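Each of the next two complexes has subunit A plus one more chain, namely subunit B in the first and subunit C in the second.
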Partner chain A sequence: MNNLFGYKQRDTWINHTTGTAKLIGFLALSTMGMISYDTRFLLGLVVLAIVLMQMAQIKYREYALMAKLVIIFAIINLVMVAVLAPQYGVQLYGTRHVLFGTGYWTMTQEQIFYEFNLLLKYLFSLPLAIILLFTTNPSEFAAGLNKIGVPYKIAYSFAITLRYIPDVQSDYRTISLAQQARGYEISKKAPLLARSKGAVQIILPLVFASLNRIETISQAMELRRFGREKKRSWYQEQAFATRDIMMILGAAAVVIIGAILFVQNGGRLYNPFK
Partner chain B sequence: MTAPIIDFQHVTFKYHAQAEPTLNDISFQIYPGEKVLIAGASGSGKTTLLRLLNGLIPQAYAGDTQGTLTLHGKNILDQTLFELSLQAGTVLQDSDAQFVGLTVAEDIAFALENDHQPVSHIKAEVAKWATRFGLGDRLNLAPQVLSGGQKQRTSMAGVLVDDGKLLLFDEPLASLDPAAGVVAMDMIDKLQSERDLTVVIIEHRIEEVLRANVDRVIVMAGGRIVANGTPTEIIKAGILPENGLDEPLYVQLLRQAHIDVSRLSHVANVNQIDVVEQKTAIESLKKPVKSNTHQIVKLVVKDLDFGYDKNSPLFKKLNTVINQGEILGIVGKNGSGKTTLSHLLTGFLVPDTGDIILDGESVLQQSIKERADNIGYVLQNPNHMITKATVFDEVASGLILRHVSSDDIEKRVREILKLIDLDAMRHWPIAALSFGQKKRLTIAAVLVLKPQILILDEPTAGQDATHTNELLQFLTKINQQEKTTVVIITHDMHLLANFVERALVIVDGQLLADTTPSELLANEALVKLASLRTTSVYQLANRLDITHPEELNAAIVHN
Partner chain C sequence: MNDRKKRETFSVRSVVATGIGAAVFFVLMKFIAIPTGIPNTTINVAEGWLALIASLFGPIVGLLVGFIGHTLNDAVTYGSPWWSWVIADAIFGLLLGFGKRYLALEYGDLSTKKLVQFNIWQAISNILVWIIIAPIGDILIYKEPAQKVFLQGAVTALVNTLSVAIIGSLLLVAYVKSRPKKSSLRSE
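Presenting the complex of A and B:
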């Protein structure tokens, strides 16, 4: 099976939930979490995400690379916010509690608190995204996208991309080795310029080989009537069960809690400084 | 008389991109329940004919059509690709690229999904067809782990779920090894009789397709139909070779014995052909099997261990040699280590332990580039190798990267281009070359580095008899003139039977045999292990109780 997004058959309730329900749940929770700046709500989401992650039985080494990339990105993002808009917290919360520094570089409690909220957003959305990708069969995922309103041609293009990625990778390896034998050096021994020249020599045949493949694929799909009807059914689509309804209701409950907090706070912001 | 399913009357077709018509005044009929082989060399127009039948023309390829062409009595040109697909199912040549599902089950289900059928119905149909094609326990497998034969069976199931009565096969043997080809042909035969299908097979490999008991052969050349008759009539008329097609090997043998094939009965079937009276004539063709005449060792593979995964080694203490100047064939079923061995020789892969010794010196410390100066490697697909725009530049690029002086480059490139008959075309854009010419060009681009050993991966794949013969002549020339040792990884039966001098059989990392092709192709057990098949010459010898059939195999060796 394709391991690009780490989908694997695991015997957990999250795996058995349909792609559609998970997609709806993911979109609802992450949208609400992105809008809200209520720290209590965000903390709640982080706890929920970690609990779900435990239940999904995904091992750390399976998502380590993805997690590291996101964490590096989050750190860069937080540092950049501090550098480019160090007074944004003050502006947002309307008070000013100085910790240290002067002038432009004054660090305030408000700024730290604001960035802590940003960090929480990363901390809950990363596990949720990992759960969605790692517990949903790619075809079922495509079916889910289609069900929530994405046109099926676009949804299918997602599945077909996953189908051919391993083939393109193997083409790439073959071409790369053949070009090295011809004398293009792409290993670390060669200077950067020579290496990039070598890389171009691989890309060219790869593009032509892939274009050929795409032509055959599109013909094979048309010969089996892809695009004939307005709708299509999905072999991997699962019928909705009680647990799917429960998941959607659960997501709705979280959204409602978030909305109630909006009303209570009189806006997106939870402000402990007033 | 029943009405034909397919009826072509004086059909002429010209692609918009071309000046001349590709099909000229084509007329033929195909009746319900027939199995018809449409045979022709590359460029004969057989693929264009198929595209007219399944609607890819005009949907995917634009052109002008004249004449009348009907399917089930209705004008083909008035119907959409989708409407046609419900009447005629097409199994394309490239069994990998046409596999659009992520798993076997989804690929079989694809057409029904597109028809927006209820999922429960789709699941029942998929289960039914998968079982029929022996794929019942492979429903959840990805195409990357399937064999060529399994992928093709999935494609067949995916087309038959439509319950169409007409099946079109575009070169069904192209991506199969000989053993899988035999299975596929038997399957098509069985399917046709069980379900009363009409089957059209486009192929250039006559011998293999005859196994499916085809009723009729239509031979095409230069965009015209040059013959249309039963296999017996076609073989008796002896028109295959002049149209770029190979006759079955046993027929070639009979002709070599000066037997008048046109007077024999059942000539199209090696198990029925009536040649008892000619036994002596056939036996007199026997030639002693040439044992290895190349005695100088060029390369030694010594105690080689290798595995992609440390826990499951592929090669364990592999030992073999390659002799100076020989033409060596490496055979074995797919995934058993043939390509891995060639990648170890070229330095693409590094052995875990053991050594590779060329002319007495270990090559393991050399980089891929350095290794390529001595051991050249030509990939199966020429499009994977070509990086330049013109013929000359393509051949010169390896020399430029090795800082050879420009006078020298000019001289060496021209020399090689003359050898492959492309010198006059040296300023041509590569895009204008045929597949066969591109193939020779990629070989030239490797040869110009003057390797002492040339390794070719499936050099004849996708080429008809004429192109294969041109390639073999060219390889013979460099083998004799340049004294290049040639190593060929192949499961092309004709190449093995006619050209290779020594064969290594590698199965699951084990070197099972080091023998001559004549002996190999007369050894049923070995042939089965290597996913090959015995030659029809061997089958004929068996029927006639001729002892030492390998000596008859040796009689048809090209020389």
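Presenting the complex of A and C:
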């Protein structure tokens, strides 16, 4: 299960920090970055995240696929915005500095600046998320979620999800191979209708196997009196050390900087055109 | 009293159904794509599964399956969750969960009328969620232009409604067929 998110044991201080502290740090920074439209703040976050990624000794090839997907996703979205709302930047920043073009297609500095901000927003959280996912043992997430106030039953559901994704995946593969052996084609070579039919022939057994699994697991858990007490302890739970407190304080400092910038800018947007 | 009520709504079975439901949602979203013939538009099988699991286990499980499944999929694919769409999927699960008592799938009785009503309800939910909630979230959280997010929302609503109408109905019918009828035992 540890391979799902690319988690690997590495000997760095970020790896040794508890999952709870990293989760708090990630949620704080990504929420602030999501709300803020201050270019300087977003650029700062990107630099910070890249420095942290170096410290965590994460190599480019480990996340190359993810990075490519995000960049494709970002480009599609930026083009859509440029085509559907080419004057949105002017509307947001309230000024108009024409670069070229006329009418509907007038390209303005405001629009380019807005799209640059949007690009930063699509990209800034990727390094943060990669650090969180690549340096945290998935089992620690459930304990961490419970610690930051999520009810333990919900945290436990999340733990079950992480535990069973590999099992469901292997179920899916087995069923898929069995159905292909029986002659259902699901690759791109088959015509549309045959492919849909093949997919349905995989989904049905997968659904019934999973529903049976729900019954089996919940009976086993009930026999062991799950849910009897109001609290529970976690195998992967770790006590806070100095570095955990430092990380949370660091995240708090970034949030405060973000908040000060809000007040300074008089809103979420940083406007260099005024 | 309050505590006991809570325990009833989120039983051990619900905990497990949420966990496994989200795992299956994740795998379906990642691996199975049924083409529609239009490039880059696939039938979203995961939404059909969400419809079944919500109709079987109720609104809270539906909400959590949508939330956890979509968050994980976004995290693994794009690095970070796109919250406005995660919330939209969660609310879709919640809305479909309200149909649990009416459909009563476990007793093995699904009339054509109920199936039609299920489909009307899922279409309403999809429209509400993808044309109203998701785009408004995009505008409020991410300050994206309205023209773009409403176009995206409309396409998603259409594709997901079709997906649930085909895959969801199919799963519902298959499930009900596998259950014994409520009045299948007769005293002689």
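In the analysis below, the second predicted complex is superposed on the first by the 270 of 274 C-alpha atoms of A that agree within 3 Å, B and C clash if a C-alpha of one lies under 4 Å from a C-alpha of the other, contacts with A are read in each partner's own complex, and residues count from 1 in each chain.
Rule of thumb we're sticking to: a contact is a pair of C-beta atoms (placed from the backbone, for glycine too) under 8 Å apart; a residue touches a chain by one contact, two chains touch by 3 or more.
This is a predicted model, so every value here is computed, not measured.
In the superposed pair of complexes, A:G227 makes contact with subunit B and with subunit C alike. Look at A:I160: by the touch rule set out above, it reaches both subunit B and subunit C. Touch criterion met: A:P138 reaches subunit B, while subunit C stays clear of it. Once chain A of one complex is fitted onto chain A of the other, the partner contacts of A:Y184 are limited to subunit B, with no touch recorded for subunit C. In the superposed model, A:E237 lies in contact with subunit B only, and not with subunit C. In the superposition on chain A, contact of A:R268 is made with subunit C only, not with subunit B.
In the superposition on chain A, A:Q54 makes contact with neither subunit B nor subunit C. In the superposition on chain A, A:L204 makes contact with both subunit B and subunit C.
With both structures placed on the common chain, the touch criterion links A:S30 to subunit C but leaves subunit B unconnected. Within subunit A, the residues touched by subunit B in the first complex and by subunit C in the second are 159-160, 163, 167, 204, 208, 213, 217-218, 221-222, 226-227.
For subunit C in complex with subunit A, the touching residues are 3, 7, 10-13, 15-24, 26-28, 31-35, 37, 43, 45, 48-49, 52, 56, 64, 68-69, 72, 75-80, 83, 141-148, 151-152, 167, 170-171, 174-175, 178. Those residues of subunit A that touch subunit C in the complex are listed here as 4-5, 30, 34-35, 37, 63, 66, 69-70, 73, 77, 80-81, 84-85, 88, 92, 118, 121, 125-130, 133, 153-154, 156-161, 163-165, 167-169, 172, 192, 195-196, 199-200, 202-204, 206-208, 210-211, 213-214, 217-218, 221-222, 226-227, 230, 268-269.
Subunit A makes touch with subunit B in their complex at residues 1-2, 138-139, 159-160, 162-163, 166-167, 171, 174-175, 177-185, 187, 189, 201, 204-205, 208-209, 212-213, 216-229, 231-237, 239.
Interface residues of subunit B, counted against subunit A in their complex, comprise 54-56, 59-60, 81-82, 85-86, 89-90, 92, 94, 96-103, 105-106, 109-119, 122-123, 126, 142-144, 158-159, 343, 346-348, 367-369, 371-372, 376-377, 379, 381, 383-387, 397-398, 401-402, 445-446.
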